[in-house]
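A quick write-up on the structure given underneath.
Per-chain numbering from 1; labels A, B, C, D, E and F assigned in written order.
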Amino acid sequence: MSGHSYDTGRLNLPFVGISTFGKRPYVADWSAIRADVAVMGAPFDFGTQFRAGARFGPRAVRDASTLFSFGHAGAYDHEDDAIYLGPEVTMVDIGDADIVHTDTESSHANIETGVRAMLNAGALPVVIGGDHSVNIPCIRAFAGRGPIHILQIDAHLDFVDVRHGVRHGHGNPMRRAAEQDHVTGLTQLGIRNVSSTTKEGYDAARAMGADILSVRQVRALGVAGVLARIPAGARLYITIDIDGFCPSIAPGTGTPSHGGFLYYEVLEILQAAAKAHAVVGIDLVEVAPDYDHSGSTAILAAQVLLNLLGFIFHAKKIA
Amino acid sequence: MSGHSYDTGRLNLPFVGISTFGKRPYVADWSAIRADVAVMGAPFDFGTQFRAGARFGPRAVRDASTLFSFGHAGAYDHEDDAIYLGPEVTMVDIGDADIVHTDTESSHANIETGVRAMLNAGALPVVIGGDHSVNIPCIRAFAGRGPIHILQIDAHLDFVDVRHGVRHGHGNPMRRAAEQDHVTGLTQLGIRNVSSTTKEGYDAARAMGADILSVRQVRALGVAGVLARIPAGARLYITIDIDGFCPSIAPGTGTPSHGGFLYYEVLEILQAAAKAHAVVGIDLVEVAPDYDHSGSTAILAAQVLLNLLGFIFHAKKIA
Amino acid sequence: MSGHSYDTGRLNLPFVGISTFGKRPYVADWSAIRADVAVMGAPFDFGTQFRAGARFGPRAVRDASTLFSFGHAGAYDHEDDAIYLGPEVTMVDIGDADIVHTDTESSHANIETGVRAMLNAGALPVVIGGDHSVNIPCIRAFAGRGPIHILQIDAHLDFVDVRHGVRHGHGNPMRRAAEQDHVTGLTQLGIRNVSSTTKEGYDAARAMGADILSVRQVRALGVAGVLARIPAGARLYITIDIDGFCPSIAPGTGTPSHGGFLYYEVLEILQAAAKAHAVVGIDLVEVAPDYDHSGSTAILAAQVLLNLLGFIFHAKKIA
Amino acid sequence: MSGHSYDTGRLNLPFVGISTFGKRPYVADWSAIRADVAVMGAPFDFGTQFRAGARFGPRAVRDASTLFSFGHAGAYDHEDDAIYLGPEVTMVDIGDADIVHTDTESSHANIETGVRAMLNAGALPVVIGGDHSVNIPCIRAFAGRGPIHILQIDAHLDFVDVRHGVRHGHGNPMRRAAEQDHVTGLTQLGIRNVSSTTKEGYDAARAMGADILSVRQVRALGVAGVLARIPAGARLYITIDIDGFCPSIAPGTGTPSHGGFLYYEVLEILQAAAKAHAVVGIDLVEVAPDYDHSGSTAILAAQVLLNLLGFIFHAKKIA
Amino acid sequence: MSGHSYDTGRLNLPFVGISTFGKRPYVADWSAIRADVAVMGAPFDFGTQFRAGARFGPRAVRDASTLFSFGHAGAYDHEDDAIYLGPEVTMVDIGDADIVHTDTESSHANIETGVRAMLNAGALPVVIGGDHSVNIPCIRAFAGRGPIHILQIDAHLDFVDVRHGVRHGHGNPMRRAAEQDHVTGLTQLGIRNVSSTTKEGYDAARAMGADILSVRQVRALGVAGVLARIPAGARLYITIDIDGFCPSIAPGTGTPSHGGFLYYEVLEILQAAAKAHAVVGIDLVEVAPDYDHSGSTAILAAQVLLNLLGFIFHAKKIA
Amino acid sequence: MSGHSYDTGRLNLPFVGISTFGKRPYVADWSAIRADVAVMGAPFDFGTQFRAGARFGPRAVRDASTLFSFGHAGAYDHEDDAIYLGPEVTMVDIGDADIVHTDTESSHANIETGVRAMLNAGALPVVIGGDHSVNIPCIRAFAGRGPIHILQIDAHLDFVDVRHGVRHGHGNPMRRAAEQDHVTGLTQLGIRNVSSTTKEGYDAARAMGADILSVRQVRALGVAGVLARIPAGARLYITIDIDGFCPSIAPGTGTPSHGGFLYYEVLEILQAAAKAHAVVGIDLVEVAPDYDHSGSTAILAAQVLLNLLGFIFHAKKIA
């Protein structure tokens, strides 16, 4: 059998192989997570108010992440002259939280269990939604582990308190977060246009510690200006609703809103945030592949996540 | 202004106008329903176990129904030499039941309210799903109005009792129906392949009054053979899961199963059933337009519903 | 440079090369047509009453026809043990009739001009629509060239006289044909369900020489039974509305109607007709590629046309 | 029945209910329009020169408009700290103008009738196309009601006089408008690249009162610079061809042209125009949903229209 | 944490979790395969002659297979009153063979290596293509392991010898198989229409041991008639080209051919074959998800494979 | 026949007629090319490392180019006040190079043959891919015809030497070009993010004469700044990988990378380059229509190519 390609390893083109996140190892046993980063899917979408389908977000983002599986020795970025996510950064995919149809409470509880498992293992938890309501159990899992500040990229404020009895839909997570003792503040970027949050919601958000900036306001401030508004020393939990981006690059989502961020605008904020702050948790939500016929949205999600992880561990290495 | 087409009415091509079901009048006030038939959407899909999106089923079926809006004086069928749904049959669209995201109980309660309103008005209720769990409140609304026998077209038995606490998902409706005092039996046609119902579910179904036939068994029996198995004089509630049909004509659904019914197989059973029995209620569920790129599935749903309604009222006219 | 593939001709895989019909030569000069068969596109779709887009039918059918461009020495069919469309049958593509937006009359006139040119050249004219109204100028072009009998495959009768002033839409062609002196009769196969033709239209059709059969009636008669109803010696003009087929294999059309013909049902009728009758003209209409995401409909159209042409010239060879 | 959600009104999520524009009431009787704004569909697309399908533009834009149906008490915009389209602004959907296939003249006449009805009722008419030729009857309906200046957002000049006899296709509307006595001038923004208008058309346009600016020229001028070129006091009729936008956010159109406007570029011009001028009529055309797989284009159309209406009535309130 | 769903295992809905085939365990180490069945992807598609994209076949079929992941204790089939693939049948997914772009020889060698590994482990090898050329290394891997008879389901004969130097494209595999000493014969079902194989190819096939039947010939023979033509005692290698099926249920393939098999036609032949013969290897090829917008084709592939595996091991259990 | 539109020529709307590039004449005989510009398809995609399908790039770009077929007397651009590609510029479409499945070497040789034929005829060769590996034979064809400098628009460096034996995939072309004696340098614009090229590849590229600029670096330099880095007097070969553009306008490609160029950024560089340099050859690659549902990518490709050709010949005319 000598002479064929396996002797020296596999070429492992992106279209080849099982779709775990970044083609990293799958760990089924949540008590045996041993890695710097752990990635979990949270395929829950009963919290959506327009188009569903975010339940297939984790599969789509995992598939898309294989496009960036070149370069086992890390990814070289010529602009930064840096190699990101080299072999010194270990990452595992722990699969999905169990979702129970018709049952929001159980589904959310299972997501929380997963995040706790990742945190207990000392791994940086990365959760791929699912709709934005999955952020609620993610934030709950951080209780008792020190204060966190939330950095949100989103079109919508998601600050509805309770309406028709609904407290855990995708319009509520930031309100639920702000209510937690361990959440010290929120920086909400990209907020624009009509949403399910009313004027009262905006007022309440500001009263509860939110700094709300539209896309145009972020552009006017610049990266440094935005970063300056995040409290120094804050431990960041970053939540990225893909609809924070412009529908031109993120059409595959349930409630798109025109006028969103372009790619580098978010990337540069994330890079700067990763340099200036400890990032303790990440979720990326609302990728709905049924509306993403070209795959651009899932590719964006994978590209943003992998870059953000690269920035975080590069900053640690340098520091 | 004389001389233009409005003088003598509108041509009203299918692509023109607001998409109510069959372009029939919309009645927003549920206490003012005055019609032989009332159509309501039930855009609930949190009960799905694979692909979501049936929440847009009502809109898609309404849109598709406009294709059959020719012939204001009724639809002529040359095979039957009959005019169906002529002006003597009145029909209204009462819009959708209100759905509350994350909250199955409230959403189902609102559906039940709508069916009760239609029944109270003396109209034949037609409910367009949504996933098959919407059948649960539909059947509940018939409590206290005499016995009914359920005629189900479906790939799946939907007879799960309770699993992980779930009692009202789209795998449970026939079990929930069989538990009702006013449900005297079930004829389940098209059941095939693997589903969420186990062998124990099949045994329970038969014990609780179910007559289960696969597609091939129905073909072997023929229309008359199938009809003969429905108790004489039964008042029928017909529930059509679009996945009872072959994916070749109904690809746009959440859990397709190959080997399903072709068009005339179902149509002829429905026509025969409408001749032999009183039909007291109808639902058609699981049209998921995101998987129906050509629109064939929604057109099938509209075509089946309009034909079934034609058969029912033609049978009454003749009788 | 000797030794590369051009020395012995090209492999010419289906995905390679300019998309003329069957990759046959393009003849721009309509006074210089020299072939047994000439193919023309008629990309007109202002006659549609539901979904438009048949204007791209010619391009889609040409593209699909390249799939069958293997076998330069003809196509071997093992069931018939025959080679169809060998080099003895010459075929050209004369491009499209010029279409003038907003102007039905001019567009139809240009189609008629093209068919006359093909007839004048002694070629069998094959017209690819466009909507079914393009049949109107096709039939007009046969005036003064002997009697023809129309064999129609269609879901719809297309026998509306005039409604709101419209006489040349896609619901009118068979009425317009029946009015022509050179049209001696019509055999209309596959007619089913609701359409824009009323009961009065059916009565008029029969009075004007139409033999109307539904899909189920055709099935009951069998191929021989259907053929027996076409007058002996009739010179056939065959018009195939792709919606005569089941939407399962022809979803890409403007007004699909469930319950249509399957592939061999039509193929065998066409094969028998080509054996028993002279075929003097063909059109195939209503392929709307925007609703044909998998390409199945265009492939069906190309496959049917190429087989029909094979049958016609094979019958001539044997005769 | 007390206790369920209807007691306190409906949650009315975007995916629930009949798709009228903005879920506003449907008024079938055009002599009974009582509202500040009336919206009509003009599903005509025989004027297109490339891809058809704009006939389904009204349905798609209505569907998309439901995404913005949150907030019955108006839509709060945190950037402007304003509530737009509160209950003080009344709006109705009057359905579609009747379209007659193959007949441009009748179809256009019916559109004109609808616009006249809205104007007679004192409502601001909003017409959703359809192709850009529907602007022709819209502008005709304003005859005798005072002078208007046209503000056009478009990739194409649409200033063809007559070619091959065509005077009322989608390449002609601005020429037809400029010929009207009540049209005092045109400001044409976004014009770029190759189109059906020749150099002679540009010369004629300028001679007849057109101010033509490309996307890059608009960017160089800025919002204020553009506004300064519109005559003070002009009563504006705004016509928005969705292909004025970049195909990145408006792919679903018949003749896309790269290099178009981004979202805020148009929004800010519209906001400034609504502050500085009386807006007397609006049309938005060329949304072709068959090319809009993610729905982004229809969402853009709905978002632009609802924002523009908000700006207009907010300006009136303040003034 | 007691009380949540993990205490009693996971609900594990189809849309949840990593997409290995049937959600079975992934075994990365090919020297450590311990299972009755091993599944490998062969994502190679450079052998295609029309539409590519079969490289994503393995991912699509794995995704689709999760739909059938209900019923951990096996899948109950009420028609057969049997439980298939219960816990007594062990199955693993060994990932994909390594593919080297531009290099057919290396890619095929890697596929052969994988099949040998599965055979060496004593597992039934199941290979998911990729285009039909991947059958070539699969068959080569059986050399020296006893005689096999090939049962092929396909639209095309795939019996081209060499053309323009190509010997290992997707038109060649059955010729390459027939040349092998260990291949004792071929039963080729579904062969129809034009393909890349000429009349000479058919003659050669028959001379080399092929029994060729069209879809209509299979229908005329019936299941028993077809089975009777396979030599008694033959050890079967089953190769299923998804284009053997009708495009109505298998549109997502590179070279669709109308007139193919319906679902039960193939299923019943496979069931009968599994009862009468030892099945020693399986491949299923030519699923091209880019043309499978509804997912029907991938679902068909998964459904056929899982049923076939169920039949094989059920037959062993009974025997 | 007088009176119909052919008397004065055809209207020739974009959707009418055979899809050659720009509807220019097709020249099948490569020894008889007589034109200023010759366009050839190179439908080869076995060199792709993620999504295939670029083999249909030539057909898609030809189809899209018909949108710009207005204006037989050339295309008027009001921004430049220039008429581009008037009748003085002759252009032909010579069809596609013959592609041999499974055989990269033969396919590339056939592409090279085509480019040599165009060069021998004195025409400017324009090659439409296919994947970027088709650039390899294009550059080889320029050997012995004087030095060239390569101007590349791309997301990826494509500078892999050899990996797992692959030297002619779509990750290798710029390395292969740099190895040629007649290639004097490369300007590589748009390079960003992770790709198959490692840090060593970047180092090698710079050592072999490459000037590498990211999108952000190009933006910082401006058009003039970029142009200043190209050696004066260089004869340019321009290779445009469509993934150099932002996925917002070019989703239809195999390996999209967010953060790419917008339309005018590339257009203005090309316009400036065409003014300052002789352009001796062009290829445009990686359009994969299966991921281009709205057609935007193919339209972009056609629009860029036609504008670039316009710029080149306009510069010659002025010079």
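Following the convention adopted for this analysis, a residue touches a chain if its C-beta (ideal position, glycine included) is under 8 Å from a C-beta of that chain, and two chains touch if they have at least 3 such contacts.
Just so we're on the same page, UniProt names per chain: A, B, C, D, E, F = Agmatinase.
Here the structure is a predicted model, which is why all the values come from computation and not from measurement.
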Practice task
Report same or different for the chain B (Agmatinase) and chain C (Agmatinase) interface, where same means the shared residue numbers exceed half of all residue numbers found there.
Solution key: different
Practice task
Compute the centre of every chain as the mean of its C-alpha atoms, then state which one is farthest from the centre of chain C (Agmatinase).
Solution key: A
Exercise for the section: Taking each chain's centre as the mean of its C-alpha atoms, give the chain farthest from chain E (Agmatinase). Expected result: D
Exercise for the section: Could you please state the distance in Å, as a whole number, between where the Cα atoms of chain B (Agmatinase) are centred and where those of chain D (Agmatinase) are centred? Expected result: 38
Problem - Chain centre separation in whole Å, for chain E (Agmatinase) relative to chain B (Agmatinase) (CA means) - result: 37
Practice task
Give the residues of chain B (Agmatinase) that touch two or more other chains, as numbers and ranges in rising order.
Solution key: 5, 11, 13, 15, 49, 51, 55-56, 100-101, 106, 164-166, 246, 248-249, 291, 293
Problem - Set of all touching chain pairs, with the criterion as stated earlier - result: A-B, A-D, A-E, A-F, B-C, B-D, B-E, C-D, C-E, C-F, D-F, E-F
Handout entry: chain A (Agmatinase) contact footprint on chain D (Agmatinase) (complex, rising order)
Key = 5, 8, 11, 13-15, 66-68, 70-71, 73, 75-79, 83, 246, 248-249, 263-264, 267, 293-296, 299-300, 303, 306-307
Problem - Contact footprint of chain E (Agmatinase) on chain B (Agmatinase) as seen in their complex - result: 49-51, 157, 163-166, 191-199, 202, 212, 214, 216-217, 246-249, 251-252, 255-259, 291-293
Exercise for the section: Going by the contact rule at the top, pick out the chain F (Agmatinase) residues touching chain C (Agmatinase) in the complex. Expected result: 1, 4-6, 10-13, 15-20, 26, 41, 43, 55-56, 59, 62-63, 93, 95-101, 106, 109-110, 113
Practice task
Would you tell me which residues of chain D (Agmatinase) are touching chain C (Agmatinase) in their complex?
Solution key: 45-49, 51-53, 55-56, 100-104, 106, 133, 164-166, 168-170, 290-291
